[in-house]
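By letter and in written order, the chains are A, B and C; residue numbering begins at 1 in each of them.
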Amino acid sequence: MLLRSLKLHIIQCGFAPVVLQVSRTCSNMPLSDTHQSPDNAVSGKQVKSERKLVVPSNSRFIYPEFLPDPKMEWRNSLREKLERLDMIQRRKHIDIPEFYVGSILAVTSSNQHAPNKATRFVGICIQRLGCGLRANITLRNVIKHVGTEIKYQLYDPTIQKIEVLRLEKRLDDELLYLRDAPNEYSTFDENMEAEYLPEGTPVPVNTTLVKLKPRPWRARWERKNMKGLADLELEERFYKRAEELATPWEKYDLMKQYRRTIPEEEQKEIFAEVCSELHEVEVMRKKLKRKKVFVKPTRSS
Amino acid sequence: MKCFTSCFYKKYTYTLSRRYVSTSKNVEPLSEIVAYQNNLFDNEQKKQKEAVGRIEKMIIKYHGVPENVTLSMNKGISTPYDCAKHISEMLVKRTGLALVDNTHLWDMHRPLESDCEITFMHAQHLPDPYHFNRAYWRSCSLILGAVISKAFKNDIQPTLHSFPSPNVKSGSFVYDVELSNLPEWTPTENELRILSANMVKLAQTSYRFDRLAVSEELALDIFQDNKFKKEQVPNIAQQSIDKKVILYRIGDHIDISKGPMIGNTDLLGRCTITAVHRLDTKYGHLYRFQGVSLPKGIMLNHFAYSLLEQRAKKLNAARLPDQVNNDMFVPRFSSEDSIA
Amino acid sequence: MNQAEVSQLISKLRIRISPRHKNLKCPEGPQGRLNKLRKTVNALFKYERLELNYTIADETRGYAERLISEAIRHGDTHKPTMEMADYWIEEKQLIHKLFKVLVPRFSDYKTSYTMLYRAPKAYPDIVYPRSVLELRGNPFPSILPQRIDQRNFIHNILLEEAKKAYRAEKYEQITKSLNEQDVVDK
């Protein structure tokens, strides 16, 4: 039996790192941590007793790719169902964590030309597109003063690992304007350490306002009604034209909205179908995470 | 050349005609007696028409589609059919039976006798076409009798016996017939099909049902060659209120029935004669002809109709001819003729 | 490939929605289109039964259904819903009707809230297909004729009796086979 003293890093609310020193504990014994164990024990029991799971109301934000394309001509219930099965199958092999546009991710994917056959790319998620097996994300970072973006298919079999380094949201659903922003807005350290959010805290919203470089831009951002942009400092005529082209009535077009969403009843059906499996995957991930934290060796001083 | 062609054509048609020549002269056995019967019937009809005397008017009220009408018609001459002709062609085509003053069922070709309110009944009469259905079923039996009496060759003489009172729920309409020289006969599919075709053909000739109430003597005279009817006539005459026998005629076929009947044979739509069963009665061997049919305007898919045909193949459980209290010969006008 | 919008939850409508909106003749563009529809939606809530061109009736139907379902879902204390009702209903007393009359009427409905019938064309005057749009539970007499009872028609009587005869036969067969089985068992 190995007796070791271990350090456990847990980041609590407010991102203040607290170091717990656990001495004389067996590595393969369950952790008697006061913060974590009750939660896990409860969730473990839930799976075993197979109690009817309540679909969490925020599923549609966490797993948006499980909702099918709302375009009616392309709907096909059988294809959608098969895709969901495949997605769950894939999620059992790699951990696709909860993340949002604005979160900082690290994706490790197979690369036969790399020396260790894998590349790790760290970047901010600027766009999340597609549904079903075609769901994809775009990561952006500035590497050696060059803005770099990589689009990853979430369910691509060559992806080995997806880590969330910082879980947060931004003010907008798309951060494509970072392309026209100075480099410091999208520069992230490649060796950045993952920040852990405690269980149950709401996802923090990063309210930084991005100050764009002067024109020309890749899009006319003054017309896009973006919330995360600082004052654009344009001439009056640009704002006038933007006002001319605005479509304020669109928010009243009830049927347009309807055709762009999946109705609540259908969403419930879909998530009820995948809920139990997703929950299992979640529990597994938590266990793995705990193990990883445990295994991390530190030099005793 | 031309001559040759015409000759060839002539020859060809000749062979054709020989091949498909009608055998009608073989199957018209009773032309003489039929002519005699019809002559008597015509004379009686004429006599009754003349007996009306001075023409008086009566007021007929009609309430319903296409419009509410009040007609002034001739008493004792005008029939519900005439009234319908004054109102709408639709009524003329679909009506099978008239209802007088909401109490008496009236044949379409029976002259009206006094001021009244008239209703026309058809196969889809609302709320309930019960009386039309009954009259229709009865008429089908009568048409079947007409078909049978003409369908056989000379050496087989069908003698019509009677048909039981109509019961749609039994699934088939019935006529009981004696066939001389045919002690054991099971009709083939084709024979039944021919009978059905004959029935449809007869119906499509659109004969009207002529109704005539005659005295016992005249009825006996008309049915002098039919041993069964001759036996039945006195019975019927005795049981009726005014000692009369009611006859119906379609084309040249005359039969006894207390009625009412539908107005015209062309109301008969789809029709199949499904089976002939042999009955042993005190009158000897009789054959029970059975069929099923639907009036015009009632549509049914072929599968559902085949179910009806299959059911109609089973022996109809209606009263046998030798069983007493045969409904057909008890003309209970008070109960049968009125619905009130 | 598009992604479903997840920012708001919407109740499912109980009517068939065509994949694409129908074009209306509208020189003012999409805003004019909404203005046009606003008039019919308003009139529908006011009169409860309208005769319209089919295209505009079909479009109006979706908006009216959505408005009612939003009102039922959120009630009159929900600000965005109220704003929406304020936009769609021009006569403001009808907003009260929506929340005080129509919501109670439709709250336990399991079907759609409106009905759309195709109306006959009066040839040759009107070439466009006409239709009748109505709110369910309106006080007017029904548009469709009452179903006539066809049970007593001759073919239905015959079929009914045939069914009875068939069943009787089957029961007889079953009892017979049961009896035979009993004999074999003994």
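Just so we're on the same page, a contact is a pair of C-beta atoms (placed from the backbone, for glycine too) under 8 Å apart; a residue touches a chain by one contact, two chains touch by 3 or more.
Being a predicted model, the structure only gives us computed values, none of them experimental.
Across all inter-chain contacts, the pair with the most C-beta pairs is A-C. Here C is the chain whose Cα centre lies closest to the centre of all protein Cα atoms.
With centres taken as mean Cα positions, chain B sits 87 Å from chain A. The geometric centre of chain B is 50 Å away from that of chain C, both derived from CA atoms. If you average the Cα atoms of chain A and of chain C, the two centres end up 41 Å apart. Interface residues of chain C facing chain B in the complex, by the touch rule stated above, are 148-150, 152-155, 157-159, 161-162, 165-166. Residues of chain B touching chain C in their complex: 123-124, 126-130, 133, 136, 168-171, 292, 294-295, 298, 300, 304, 307-308, 310-311, 314.
Taken in their complex, chain A has these residues touching chain C: 60-61, 64-65, 67-73, 128-131, 134, 247, 249-250, 252-267.
Across the interface of their complex, chain A is touched by residues 1-6, 8-13, 17-19, 21, 30-31, 34, 59, 62-63, 66-67, 70, 84, 87-88 of chain C.
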